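Look for subunit A in each of the two complexes below; its partner is subunit B in the first and subunit C in the second.
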Partner chain A sequence: MIYLDHAASTPIVESALNIYIKSLREDFANPSAAHKLGKSSMKKVERARQLILKSLKGSKKDQLIFLSSATEANNLAIKGIKLLPSDRVHYSVGDHPSTSEPVKSLNSQLVEIPLLEGGVIDEAKFLESLDKDSKLVVLSHVNNQSGNHYDILSLGKKVKDKFPNIHIHVDGVQGLTKVETNLSSLIDSYTISGHKIGAPKGVGALFIKDGVEVETQLHGGGHEFGIRSSTVNTPLILSLCEAITAGLEDVITNNKKVKRINSLMREELEAADLGITFPFSLDDTSPYILSFLLPSISSDIVLRHLEMKDIYVASSSACSSKAKGFNAGFDAMKIDQSKHKFVLRTSFSKDTTTEDIETFVKEITNIIKEIKRL
Partner chain B sequence: MYKHLIVNIDELWLKGKNRKHYFKTLREHVHLVIKAHNTEEKVSIRNDQQRLVAESEAGFSKDCINSLAKVPGVSTVQPAISIEREKGLILPTIVEKLKGELGERITTFKVRCKRVDKTFPHGSMDLQRELGHFLLKEFSQLKVDVRNPEIMIDVKVMQDNIFISTEKLKATGGLPVSSSGHVITMISGGFDSPVASYMMSKRGCKQDFIFFYAYPYVGEEVKEKILSICSVLGQFQKGCRLWVVPFGEIQNTIAKDCYEEYRTILFRKYMVETANLLARRVKAQAIVTGDALGQVSSQTMQNMSVMDKFSEKMILRPLVGFNKIEIIRLSQKIGTHDISVIPHDDACSLFSPKHPVIKADYVYMRNYSMEFDYTKLMEKALDESEVYRIDVLGECEEVIK
Partner chain C sequence: MIYLDHAASTPIVESALNIYIKSLREDFANPSAAHKLGKSSMKKVERARQLILKSLKGSKKDQLIFLSSATEANNLAIKGIKLLPSDRVHYSVGDHPSTSEPVKSLNSQLVEIPLLEGGVIDEAKFLESLDKDSKLVVLSHVNNQSGNHYDILSLGKKVKDKFPNIHIHVDGVQGLTKVETNLSSLIDSYTISGHKIGAPKGVGALFIKDGVEVETQLHGGGHEFGIRSSTVNTPLILSLCEAITAGLEDVITNNKKVKRINSLMREELEAADLGITFPFSLDDTSPYILSFLLPSISSDIVLRHLEMKDIYVASSSACSSKAKGFNAGFDAMKIDQSKHKFVLRTSFSKDTTTEDIETFVKEITNIIKEIKRL
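Entry: the complex of A and B
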């Protein structure tokens, strides 16, 4: 099997799995219980919280709220910030629906962050669009479809230089452990997903900078500092902590390694002369995601041909839009609508090998040639 | 909820000696539908001259009544109140019923009485007149309109009781399923074939559906769409099956071997032949398609007649003289329209030739079949089909082999 859909979900990290199983067995008590079993479980959770904050270069005073998913984290951050109807919220329709949809549910003024061809933010226009009523800017660390990697610190600084009180929320799902992450300043909230980085599904976290107020969206027993009620899930949290700390060990080395994989894939696909084009440059993207345009063949068809060869990728034409093949994200990235359904996304892990790429290119070459012949 | 339903039967007057069989078939279907809705309750169904009368202590839900209205062979369904055979009870029952039903908008009515049992001492006309008179007095808002009443009060005097009803649901009509044979219906995600299936249900055909699944050229969502369509069509059937036949490999093979302009019609030929193989397996007598004359290249007179030559079983084309808009309207009526409009990948568009042949050469196609024998491929595809069973309410369940 060649699995090239790590951006959708990636296998669990062995050490995170071991910790998870061990904790499932041992930490059965309710961490909120008054007895020592519960307290010991809670202690482990607090240790994990501090460890993650430290590894993200946050301070002890910052908050990290454990929750069920990145979607929940993005919803909490976006809906939990106090906004007036006259306040302006800047967001990108090209971002994942778990940020763009909660933004659309807000009763405030929505302003789209302008993108250039290739999915890059039109920085000058974006900064120009900010004004005194701008209260929230929602960014992705790495775009899940195009792989575009945004320099959130530089962008955050420029935003804060103009209007220091703007809240900057970053969806870090595709960024954390893949590209460098530093939450020591500038970023007010940051979303983390477990299953994209080798933890199990069903766990995520929201980083909240010290001093930032986020209103609870889930009322109940007052868990997680009253911000997110729900019984604290020790095994998932410990496993998440392990996946993050393990993943952060060699971010730069792994990034370089995957960059070579990404380059190799680009070169080989170009050499195969299939008519594949690359709308997103390697310089602007995380090397972990490589989306490309097939030569007028629906990516769904190629995806299914590949799955018959036990190779797994993502087709980006799957979307909720009624018009089959229209993708609002690609539209914002200036990709012609007629080409949206030709986008095929591959995404790698640090363990993806050059053999994987060579086999993939060989198989997709055969498939495209076969379909083209029709 | 109504405890009685009068199920009136269509085209019974056309039947002679086979009337008994016809009645039995319909009654079985009605029973299946009622039991599917009232699983726990005791239900009785009896023949009452030209109609069936169903009775349930727990009553019949709206859903059950709507399902019955889909049963082919049923002309109308009337939810009714049953009272004793006493003239004095009729008026108070109607008055009480109308008090619950008459909004401000209903201003005209008509009373229609029928003595199914002529031994009842009061004549139908007299009863009608008398009831109408009292109702006019009782409800000042009401006027009589014999041509186009907003509410029709129907009084039926039976042998043992009197039925009163104010609702009459128009049903599918036609002939009971299974009364005119067993067919294989070739189904796709478009508008036409589901409507063709409905037409043949109406004419009493028991159906099994066949869908040609061109994986990997199309994906799961197309199969899901077909299942949704068959779930609607199954409600006009007395229990049926769907064969999802893997066809991508065959299409790909044909595309490689034939002249490009013959692709579509050859796909079609092998689909018809596979449907014939299935017909032989399940002992069906004909193949149903959604062809409408001249609609697309494969539906020209010439191409249809070539297709007939390759089909051992008769090909039924109930939509042959329909315009597209008529088909679409029917699809809205039967409930498949909203599923058919969902966009999906179409394998044919990927394979479709620039200039599909409109006057296919029979000899070329015959020679082609002799040169490339796909019988084994078709048999294999049938063997590897996913088979779904669909019950009278349209619930689909995969048959585990």
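Entry: the complex of A and C
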């Protein structure tokens, strides 16, 4: 099997799986229980919280709220900030629906972050669009469709220099452990997903900068500092901690390695002379995601042919794979609507090999030639 | 170890753990992916959904929404129903905070469900309190502190006979697989927790009766019929399904078995002549929970002494174990406030043995005698 859909969900890394299974058996008590089984379970959670916070390079007073998924984290941040109807919220329609949909549910003024061709933010226009009513800016660390990698610190600084009180929320799902992450004081909240970085599905976290207030969305027993009620999930939290800390150890080495994989794929696809084009440049993107345009062939068809060869890719974001044809994200990235259905996304892990790429290119070459002959 | 805190969290049952670990490795793809790894994962989820719905004896058109916890399910139901400020919501302050807290967050008229001594609902007064503005009734199937078991079908019928349009939401966390569950058309929504019935932490479900509308609370990719966005968690869902179906197979046999355990504990504690009293009768409660009043000794102290003997119980609900002294639930159940801190909760699993009970009674007898001597 050649699995090139890691941006949708990636297998659990062995060390995170081992820690998880051990904790599933050991930490069966409720961490809120008054007895020592509960207390020792809670102690492990607090240790994991501190470890993760430290690895994100935030300050000691920053908060980390454990929850069930990145979608929940994005909802908590975006809908949890106090906003007036006159407040302006800046977001990109090209970002993942777990940020754009909560934004659309707000009763405030929505402002699109302008993109240039290639999915890059039009910084000048964006900064110009901010005003005194701007209260929230929602960014992706790495866009899940194009792979565009935004320099959140540089952008954050420019925003805060103009309007220091704007809350900057970053969806870090495709960024953390893939590209360098340094949550200096410029970032007010940052979303983490477990299953995109080698932890099991069902866990995520929201980083909240010291002093930032987020309104409770799950009411109940008052867990997670009263912000997110629900039984604290020691096994999933320990596994998430392992996936993050292990992933961050080699973030630069792995990024370089995957960059070579991504380059190789681009070169070989160019060399195969199939008419494939690359709307997103490697310089502007995370190397873990490579989306390209097929030569007037629907990506769904190619996806089917590839899966017959036991090769797995994405024809668009897994989360919105039901929406065919028009794609608001690609539209914002200035890709002509007629071409949206030709976008194929491949996404890698640090363990993707050059052999995987060579087999992939060989097979997709055969498939495209076959389809064109028909 | 003698673990008598199953109502707070219970170990994963072996069959549910095996299915879980297998699926953790196999079903790593995103179930929303367009390729066959995603599709086969989603197929398993849909099969689990149908199996659970069938086992709950609802109709074929009823819905089941998978989510991360019972707290989330209670929040989704209670805050997801359209309510006007003039609408009346009937709830019990004695119920779990994951129902009472979402209720308190509503902008509607809150009405307490009156309880009698022993934690039983004062049916006559309750039915009298309903009127044409009553829109939501929130009940527990089994109360997590007292163990009171409410006949939700009989109560539901009496409510619907007077006002057919009232939405009846039931928190089934301590009920499902412990007492018989038959979600006939009288129940509009029903909350299920995984980790209270032998599935891992991090999964729950909300049963929603055909035709009932519940507003989305997690916005994003549109999963779970658009009601609950977040990557669908095949491994946790399959494990939940196994825990439910296995648990329901022997619900009556196990209930009888645990009833004998509960009776034995009551008899032996009475016989020990320690001054322990039983505010909640076995006839009115689920046998899985036995809460009793210590003879003017703080339950926290006894809990500490018991844990030194490797015996684990609860001094109050795990979820609110931080709130000392006054307990709104016990207050509603007519227990004098001066006695709230004397309540000790034991809770059983189908595997709790008579030996466990005998050891427990022996140890608590020694502890109480020792404390009284000092």
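In this text, the second predicted complex is superposed on the first by the 366 of 374 C-alpha atoms of A that agree within 3 Å, B and C clash if a C-alpha of one lies under 4 Å from a C-alpha of the other, contacts with A are read in each partner's own complex, and residues count from 1 in each chain.
The criterion applied here is as follows: a contact is a pair of C-beta atoms (placed from the backbone, for glycine too) under 8 Å apart; a residue touches a chain by one contact, two chains touch by 3 or more.
The shown structure was predicted, so the numbers you read here are calculated from the model rather than taken from an experiment.
**Q** If you stack the two complexes on chain A, which partner ends up touching A:Thr231: first (subunit B), second (subunit C), both, or neither?
**A** A:Thr231 contacts subunit C only, not subunit B.
**Q** Please indicate which partner A:Pro102 is in contact with in the superposed arrangement: first for subunit B, second for subunit C, both, or neither.
**A** So A:Pro102 only meets subunit C here.
**Q** Between subunit B and subunit C, whom does A:Leu24 touch in the aligned arrangement: first, second, both, or neither?
**A** So A:Leu24 only meets subunit C here.
**Q** Is A:Ala314 contacted by the first partner subunit B, the second partner subunit C, both or neither?
**A** Second partner only.
**Q** Identify the partner contact of A:Leu51: answer first if only subunit B is touched, second if only subunit C is, both if each is, neither if none is.
**A** Neither subunit B nor subunit C is touched by A:Leu51.
**Q** State whether A:Leu374 touches subunit B only (first), subunit C only (second), both chains, or neither.
**A** first
**Q** Taking the superposition as given, does A:Ile301 touch the first partner, subunit B, the second, subunit C, both, or neither?
**A** Only subunit B is touched by A:Ile301; subunit C is not.
**Q** Considering only touches as defined above, state whether A:Leu218 meets subunit B (first), subunit C (second), both or neither.
**A** second
**Q** What part of subunit A is shared between its subunit B contacts and its subunit C contacts?
**A** 300, 307, 322
**Q** Which part of subunit B faces subunit A closely enough to touch in the complex?
**A** 215-217, 219, 252, 255-256, 343-345, 350-351
**Q** Where on subunit A is subunit B touching in the complex?
**A** Residues in contact with subunit B: 298, 300-301, 304-305, 307-308, 322-324, 370-371, 373-374.
**Q** Over in the complex, which subunit C residues touch subunit A? Could you list them?
**A** Residue list for subunit C touching subunit A: 3, 5, 8-12, 17, 20-21, 24-25, 28-30, 32-38, 67-69, 71-72, 74-75, 79, 96-98, 101-102, 104-105, 195, 200-203, 217-223, 229-231, 233-236, 300, 303, 306-307, 312-322.
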